[in-house]
Amino acid sequence: MTTDHKIPRTVPRKSATFDDYTLSEIRRAAATGIYDIRGGGTKRKVPHFDDLLFLGASISRYPLEGYREKCGTNVVLGSRFAKKPIEIKIPITIAGMSFGSLSAQAKEALGRGASAVGTSTTTGDGGMTPEERGHSSKLVYQYLPSRYGMNPDDLRKADAIEVVIGQGAKPGGGGMLLGQKISARVASMRTLPEGIDQRSACRHPDWTGPDDLEIKIQELREITDWEKPIYVKVGAARPYYDTALAVKSGADVVVLDGMQGGTAATQEVFIEHVGIPTLAAIRPAVQALQDLGMHRKVQLIVSGGIRNGADVAKCLALGADAVSIGTAALVALGDNDPALAAEYAELGTVPGAYDDWHEGRDPAGITTQDPVLAARLDPEKAGRRLANYLSVLALEAQTIARACGKSHVHNLEPEDLVSLTIEGAAMARVPLAGTDWIPGRGNY
Amino acid sequence: MTNAHCTFDLAAGSVRDLNQALHGLDLDKNPRLWRVLNPNGGHAIAVGLDAPVTVEIDGHVGYYCAGMNKSATVLINGNAGVGVAENMISGVVHVRGDASQAAGATAHGGLLVIDGNASARCGISMKGIDIVVKGSIGHMSAFMGQAGTLTVFGDAGEALGDSLYEARLFVRGSVASLGADCVEKEMRDEHKALLHARLEAAGAAGEVDVSEFRRYGSARNLYHFHVDNVDAY
Amino acid sequence: MCGIVGLFIKNPKMESQLGPLLASMLEVMTGRGPDSAGFAIYGEGREGTVKISLRGQVSTDFSAIAADLEPAAGQDIPLTVRSSHAILEVPAAREAAVRAALAERHPGIMVVGSGQRMEIYKEVGLPADVARRFDLAGMKGTHGIGHTRMATESAVTTAGAHPFSTGPDQCLVHNGSLSNHNVLRRALSREGIGFTTDNDSEVAAGYLTWRMGKGASLKEALVSSLDALDGFFTFVVGTESGFAVLRDPIACKPAVMAETDDYVAFGSEYRALADLPGIAQAKVWEPKPATVYSWERAA
């Protein structure tokens, strides 16, 4: 019997449900008995600003010429109650990231870059370092559940205070820093033993709820003689209610962080499955401000996955006053650089995928406390890279705004946008391109 | 330097005016002794002080009295609301009555004395403060206590010292239950000496016998994530 | 989130001060709850008669409605109108018939509560304005509870304001945020409990009504709510003879009580109690978590 004709086999097919990543994660969980911890924001594809497009000038609308016909980008933050609101020159700020999760050099670089273009940086869960205050012309001081390093002197040195209720990567979660990064200096700033794994509170210790937040904000204002704008930061979950309650509690500024927002370290499941996309959070937040008559009186800063000037312009068009960047700022400094591919390979990863920042072995010297690695980052050069990137964001946003006929980026409005997708249209509350249809309104 | 004292009546002036007056004091010209009348449960009274002055408040105060205190002495002749002396850096706060929740929360230093009872979460997240409570304390006290001492003449409520770091707890009465990773520890001579020093600083050295106290501290099992401790999380 | 106040008069000579004192306590709690306010007051009552608290509009012709309901009541209906609310007095035996007729013939008028002595008033607006509209300062009685509201997840509407009635002469006010109220609302609806809002506090009130309808005492119902309700809460429940207080086991939401020979008072902050007569000598304390406290006038 001859068998010289082979029976065709089907091509090997992997499961979409049990994909390679999922299989590897199950194996890892079975080996360790503990959840996976990593940094960054959601890596899954979710509806985002790429779903939206601007309607540029045509016959009914006229564009502005570049250079001579100015397109303003400045923003005043904190005009509601603060004696000294802050003015930033571009509508992009640097989001809160701790000294501890980042090296001192990285914090210095962020300060240098932001100051060069006239915007602010934000401290994180470790408190304020002299380097950052020294190098940031405008510094926002975070007030977190952990209260690590919190003190009235730094409160008074700050230009604004950000009461953190949560962040987009983990709405409902607290800070996480593992022993590898609790160096002597970090430990001393946080009043923790060196080398231990930090456990952080997820609620503030002395207030819970907007009724008590109101009293806490009053206290912070009293301590600082009502000088500083008070921001309230939330992870995007129920943005309409959270924004309304932040306003009712007395906030000057609301900071809203979507699920693409990064963290130094938390459980993978938290990042991927809790919190909503930035795109879905903005319109409800703006609606809350409008319903209270507070749009543009209480400013809205949006963060989580802002990457380019188009993202900036889209956030502003949807009603935000400014945006904040975290992940993008680190990439501008040099995070996940392909030039370090060999070292990433030693860590079992590739450039662009490296997210085990909690291990503190970052070859770029950014998310590490190891002095040898941290020394690789030159704060001056990295600061210049950040300044360049921030300038590009602003220029791109201006280019788009001019094309839409706006003399200030704040004059961008939702009607300048359409969506390529139904989800994008529903979330941004703008029509599907070429149609009048906004899904999700009324009974659609 | 002046020894004059100043009276501020909160029935006539605002908390804002009082705090503004207390901030940026020139001790050569301004009084070092302040008496505050009619606090009426108001919030944020005498917060953010940063000078070695004494503020005596006649009546009950609301939330966050003496918040972020530095160097000052604040006496409350009444009860204190939520978060008295929260985030204190140095100085002394003395509550003659009872204190509400989160007394001394996240404070880095200084001394907080409560003559009456303290409520839940006394010393939560404490980072170096010394707290002495002559009455009893409520549940979840010293939660995540990182540093400092909490001394209680009376009883402690449920879940004392849950998730404790290095704060040291001394309780003379009963403890309803201990929180995760908080254990009773041996009370040796050096601890009695430490406790005696704390009591002396609080002006209470003769009132109680240090031998009657039991010491509680962290078992340090949660210092590194480990799957075997998963029940504690 | 919210502010809660409660005042139970022990000394009969102080009953005329209940209204003014409660009104001033409510106003002090404006910061905690600027959106809307409400209160329940336990005043005069007559054996065999029930007072039905109705809510309509300021323009509602309550006299016409009362006249229209007389057949169901079997007699004239004495009526007191205060702004958008009205109190109808009907024979207890006729309450069900009157309410059925009301629901059928005047569906836009809501019953906010009923009882021999309890009257409930609640509206959107600043607490001081709400108290003034209903002339709380002119009311007297043995006890009352009040609430100032900062809406968290449900809308700012009158229907969403507290107190929520849980049964005859009973009502509840809540400070906090429940986390399982949606699933409970559906379960209770299947058991026949009616809801008119998306408010979590209404679910708590409905739960207590349901438990007591099954034979539990108020105290038993409150104790079982510690298991059934998830989230953060301080409850104050008004009853015909007094009031009860319960905090959840975590007890993050505030609660302060004060007692003298003349009264027992409750406030979310001490500030609400600061102007009460004799407060300087009062015993002031905080209720323990997961513990039911109650005060009653002897029958």
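We just call them A, B and C in the order they show up, numbering each chain from 1.
Basically, a residue touches a chain if its C-beta (ideal position, glycine included) is under 8 Å from a C-beta of that chain, and two chains touch if they have at least 3 such contacts.
All values derive from a computational prediction rather than experimental measurement.
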| item | value |
| --- | --- |
| Relative to subunit A, chain with the most remote C-alpha centre | C |
| Of B-C and A-B, pair with higher C-beta contact tally | A-B |
| Centroid distance [mean C-alpha coordinates] between subunit C and subunit A, Å | 44 |
| Cα-centroid distance, subunit B relative to subunit C, in whole angstrom | 37 |
| Residues of subunit A engaged with two or more neighbouring chains | 212, 215 |
| Sequence positions of subunit C contacting 2 or more other chains | 252, 254 |
| For subunit B, residues that touch 2 or more chains besides their own | 43, 62-63, 82, 101 |
| In the complex with subunit A, residue positions of subunit B that touch it | 15-16, 19-20, 23, 43-44, 47-48, 50, 62-64, 67-68, 70, 82-83, 86-87, 89, 101-102, 105-106, 108, 121, 124-125, 127-128, 143-144, 146-147, 163, 165-166, 222-227, 230 |
| Interfacial residue positions of subunit C with respect to subunit B in the complex | 250-252, 254, 256, 269-275, 280, 284-286, 288-289 |
| List of subunit A residues in touch with subunit C within their complex | 203, 208-212, 214-215, 238, 241, 244-245, 248 |
| Residues of subunit B touching subunit C in the complex | 40-43, 59-60, 62-63, 79, 81-82, 97-98, 100-101, 119-120, 138-140, 157 |
| Sites on subunit C touched by subunit A in the complex | 1-3, 31-34, 150-153, 175-177, 232, 252-254, 268 |
